């Protein structure tokens, strides 16, 4: 069986992941809506997941894919906790604009 | 029996004092102070009999640090000074009420403990620990029991603490560097090191920063006058009587033998700095309006001379410096006690508010006069012996050093007598001034007696310190 | 250019475009929907790389669970109508700068590195079927697998803790 | 391994206690349980072994640090007894989360596989996000939680990316294999980049400059007990893990990497100390102090071969002092809205014992002898000079001097200002924790070899 | 035996001091006075014993008590040396000291602190004895400083008056300037010869050739500065006139007879050293001559009776230094002794006058006292004749020898000295006439109280007057007992070689004539014309310069005191504050940085993350792109 990467090249995956990761970073910085910021972080994690799978194929090794499972678990857990925090902020503040959260500074 | 006993006595004393409660604290502290003195005398006896009273035990394996206390003549002399002054200082405080006395006296004993440790330590790190440890009690003593405006005092004391700490941390770096070279902090191993000239210079400067601030040598003295003024009398006495000597002692014990090449190379600069301190301190003292500040600057002048003596690297310089250190310790404690006696009666340190005290209190006036004279190194007082030896050693380096350093006997007389005149003489003061009480008198007489005794017969101390100083000179000249 | 490469390029373009759109959309619901598409395209990549199981899991977890959670929250907070005022220009500029920086730096590093020469290894062994994955996960990776449960447990307790009202006992 | 299992079991037990309505017993039982775990941990100390395909590798390093974590957790749990007395329905959750957090921490120092490392760090982080935001009615706490969460997730993303690149380079997550491979062949550049990214992620966790911005805000906003946890346990775990990561993967520390470490260390110390000078809020001040301590701890990375003992000692000294300090802060600021220095005015008069303890703790952090903090710094300096970074040591020394400025601000407030309120009540647990922590600190100072030699090879 | 007697000699006054300090107040004034006197008398008796002994044995007595100071290359003992010179000094110190103590019993009787006065006097004697009998330079230095201290204490005896205190302080400090010189000299000697002991030093110096003359000269010069301070020579003389603030017996004892001669004693002691430094000797001679002239001119116009005597003392000391400078040590010693007699007598006489006038010292308010104070007048007259160099009084012999020596060496010096002598005669008789002749010019109230002083005061006067008369006998021009007695001390052959010829007689005649001219002018002015010096404000011209002592005090004040004070002000106001603010400044800068830094931490997650990203980029770039 042929390694699919002979067709595509691992570099391309790396570039794709990097750009996707960077988009995530960009989103985190760009948006002030906390939910979108969360989503951007999910994009970052997914970019890495993609790379894991690509490397998994590259090495012909299952571990990379296993790691993606853990990564997903982590993502899920983070989202759950993050949204819980967000909800309680929304309850207190009536908004999830992270620019309004500047009470702690100095 | 070894020297750690005296440390134990002082440390136990500090705890016992704290436990004894406010009422008994002063007496318990005095008891332990005297016990420590007794112990040190007994130890001296053992030492003179040639017994080994040093103490060595492994402490930290990696890095290699030992709990090593070494008692040679020099250390013993300094320990005796501390042990003698501690009970005297505690005794002088009897006339003043201190709130939270248990903590106050415990801190005094603790400080004494740390200072004795500094004098005895033969391991660089141990020495450094004691050195730093002695800062904490004096910080609290000055801060909590000091006088004057609280904000001002805070400023002065914090400056003092940070400043001295800053200096000593560089010393720590130097020690670590030395450890790196020698593989041990033990003084004998450090003495054996053969460092390059550049290394020695840096080490020397790092040490110098620590000591110049502690001693203090100009221009590192700016903390001194304010702290002396703000600290309570006891604190000032501890600072000026003993703590300054830690710096000078350390110059002899650590700085010079470890970095002799640098010391020799730049000797003139450091002597000149010391002498500049003499002249500068004296001149600044002339216009002081506060008695304690004036004494602080006089202290600056005197230690400047002592420091100059140590940097001559001659046996005379070192011997004179040590003698003068001890003498100055007693005199300055006496003088600060005098200022405290006045403070107790007039509640002021401002010289302008004094005057005309002599007619009201002849005994006090006489004792004050004697202390003033001792401070200006009148022959037959102990200070003369030291000052003479130091000046002699300076003259061996360069006559101009002796002449410039010798201006201390002129300028010193000028500001001290001027001060005495303004404080004590003149028309009888309108405010009543009770003559010294029995306790006060006793303390002063004790100090005066010691000054005269050793002024006429310094031989015991000279004999005690000379062999160890000769050893140190030998180490300095090893390369 | 082989078919696979073309597929890859299309998928990549879709992924990146939808990711961008998710971030640029004013309406959070739109963002979420763009993001779902993005996840699907990533699942497409997985399929391309022949890891079907992972692709399915990915869709189930991300699109099915996580994004639903997002949407649920958005609805709960009634955020769908919010017209977000844009951040001040300096912040946007900062975001763009950092995007460019991190992109350029990372890509530059990767380009700088030695290119992989020659054939990619191909053992021919099965390494990503459900069977193999299950064996690896439950044998070698048993401990992390169990430990992941702790992670989820903590998240669960935490979520409960954050939302639970205190009993006013006094 | 047994330690980890036991800890998890204990966490589950806590949850069960809630179900069986045994809330009163939770704290004591947990403490007892943790003590037992500590014993278990100690028994593993001299039995290094790898479990389950190298997922968990118990070494002296891991058991020593685990021991430290367990001790810290005991203190924190004990403090929780008082802290959560108004939230009885949640106490089991809080305690359980802390125990699980401990599990994550233990996993982080005893990982043998990057998966364990990643899961461990996520357990720890998620638990911390929750704890930071746990005061749900307080906007400050919410803000702290969100900030920490957002930035923490971001950092997790970076770490994950790093792990991915390592995997890409090595084709395995097993550290032993990675270590062997890193030694032999020519590696793709992914590996060092991966290491760098993981390190950066860990720098975030230990709040090193320039990844430190979250710390002051989060410390200030989070409930005091959580701040205590973050500034002691979390920081210690993170630096220990980073140290282990770098040593165990045998990442060749290039000269450039050393430079980076040196610069970050200097920057952390300087920024942390200078920023702390003008803080009014004590927690915030300690956050900056923590940043500067992070700078100190990072110095150990410069001599990876033999600095484990030093790191253990430094972290123990720092954490114990931190626990003691936070106990006092908890006591003083229990009923106040904020943790400003003004609340500490006159503590020396109203409660001399606690004032003395806080003073001792601050002195230890400032590195004044006989307290463990001094020896920690001293040993650290020794090692760094041995490694040849004398400039770094000099910067560190200058920073130590600056740090005295703000530590003493607090001490001055306690001793020179008049008290503005009378304090009543003597919470025994707080006293006990504070006293035990500071006694341990001083004991470490008196006998540094006890800890320093623990990890000597 | 010798040791214990020496100790008795030394310690008797010290015991008196201690006793007076501790019990003086309780035992009463007279008792304390008598005690003080007796202790000094004891010392005198012992001195006489030693004098007898040494006259027979010609053997110096050396006593070592214990080691004192240990220096690397030598050791200083606490030891005593009783030889011809020290015993001679002892004799007149304790002798005159006893008389003055006696005198003081009455003189100070009205003072509430009389016991203290005697304590100080005793202490002074003690230190003076130490100075004289010390076996090395450092013991001498003890006495040297000790007498300075006593001088300080006694000048400022009436310590309620701050002017007196200022005078005391001035005396002490000017002395200390000299002391520094002495110390430097001691250092140089110590390092050159590794000893400070007179005996060893003498063998070391005389026994060695090719000595380093430069250093010896420097040492000699330094020692001479010390002598200048103590013996009130230019430029360090200004303290002595001010020292008259002390009670008159003090002026007599310390500032005329004994302490101020310490410089001469020291130089005589170290004559072998000075002999090797001819340049320094020349300086000494010139300084001495100039001092004698300058002081004499000032004395011409002073109106304070004690000030006149003070300047006269300075002038006479100048003559002694002239002799020292010319190498005629025994001549200087001779003049020291005669001067001690007549000057003590003069001071005590003036004290008697002041006593009678209840403290009045201004000569313009005296006059005509001859009638009421016969004994005082008579003794005063004798002493005045003696100081003016009128034969056969003692002063004639000693002064004549000085002039003769001067003539031999240098005519200019001789002229200066002669001029000074002439002036001496003038101002002494001006003083005499203004005080004792004509009519009383004081208030009526004072006049009613005028009386001759009690016998306790007059007795010492008489004794001293007798000594002033016959003192010259110890060293007659042709047959000098003194020269013989002192001969063992001197390295060079003594000056007795000068055979008496016409030159000598002519010189003698010129000297006497000078004295007589001075007396004559004074007579013409103050008896014939009955001039009374003007009020201070009316003095003009050169007289004003003289009256204001050439404004030397003011000049010194401007140059030294003011500059030190302004330096002190400068240091205090600028240097101290600058240094202090430098240190504080560092703290402030850091603090300010902290304050500014707070602005960076503005709470915005965006900014934090931006920094995060920048950090990542920077690190990655540095690690992987920069190389």
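As written, the chain order gives the labels A, B, C, D and E, with residue 1 at the start of each chain.
One rule holds for everything that comes next: a residue touches a chain if its C-beta (ideal position, glycine included) is under 8 Å from a C-beta of that chain, and two chains touch if they have at least 3 such contacts.
The chain list, named the UniProt way, goes like this: A = NADH-quinone oxidoreductase subunit K; B = NADH-quinone oxidoreductase subunit M; C = NADH-quinone oxidoreductase subunit J; D = NADH-quinone oxidoreductase subunit N; E = NADH-quinone oxidoreductase subunit L.
Note that the coordinates shown come from a computational prediction; the quantities given were computed from them, not determined experimentally.
Think of each touching pair as a link: the shortest run of links from subunit B to subunit E has 1 of them.
Path length between subunit C and subunit E in the touching-chain graph (shortest route): 1. With centres defined by CA atoms alone, the chain at the far end from subunit B is C. The central chain of the assembly on a C-alpha centroid basis is B. Chains A-C form the pair with the most C-beta pairs in contact. Among the other chains, the CA centroid farthest from that of subunit E is the one of C. In this assembly, the C-alpha centroid of subunit B lies 70 Å from the C-alpha centroid of subunit C.
With centres taken as mean Cα positions, subunit E sits 78 Å from subunit D.
The distance from the centre of subunit A to the centre of subunit B, each centre being the mean of the chain's C-alpha atoms, comes to 66 Å. We define each chain's centre as the mean of its Cα atoms; on that basis subunit A and subunit D are separated by 27 Å. Taken residue by residue, subunit C touches two or more other chains at 87, 91, 94-95, 98, 102, 106, 109-110, 112, 116, 140-141, 144, 148, 151, 154-155, 158-159, 162-163, whereas all remaining positions touch fewer.
Taken residue by residue, subunit A touches two or more other chains at 10, 14, 21, 24-25, 28-29, 32, 38, 58-59, 61, 63, 66, 70, 74, 77-78, 81, 84-86, 88, 98-99, 101, 103-106, whereas all remaining positions touch fewer.
Listed for subunit E are residues 587, 598, 601, 603-607, 609-610, 613-614, 616, 620, 624, each touching two or more other chains. Pairs of chains meeting the touch criterion are A-C, A-D, A-E, B-D, B-E, C-D, C-E, D-E. By the touch criterion stated above, subunit A contacts subunit C in their complex at residues 1-12, 14-16, 18-27, 29-33, 35-36, 38-40, 42-43, 46, 49-50, 53-54, 56-63, 65-66, 68-70, 72-81, 83-88, 90, 96-97, 99.
Taken together, the subunit E residues at the contact with subunit D in this complex read 587, 590-591, 593-595, 597-598, 601, 603, 605, 607-609, 611-612, 614-616, 619-620, 622-624, 626-627. Subunit D contributes residues 114-115, 118-119, 122, 126, 129-130, 133, 136-140, 142-147, 149-150, 153-154, 156-157, 160-161, 163-165, 167-168, 171-173, 216-218, 220-221, 279, 284 to its touches with subunit A in the complex. Only residues 309, 348, 352, 363, 368-370, 374-375, 378-379, 381-382, 385-386, 390, 393-394, 397-398, 400-401, 404-405, 408, 412, 415-416, 448-449, 452-453, 456 of subunit D touch subunit B when the two sit together in their complex.
Partner subunit E is touched in their complex by these residues of subunit A: 25, 28-29, 32, 98-99, 101-106.
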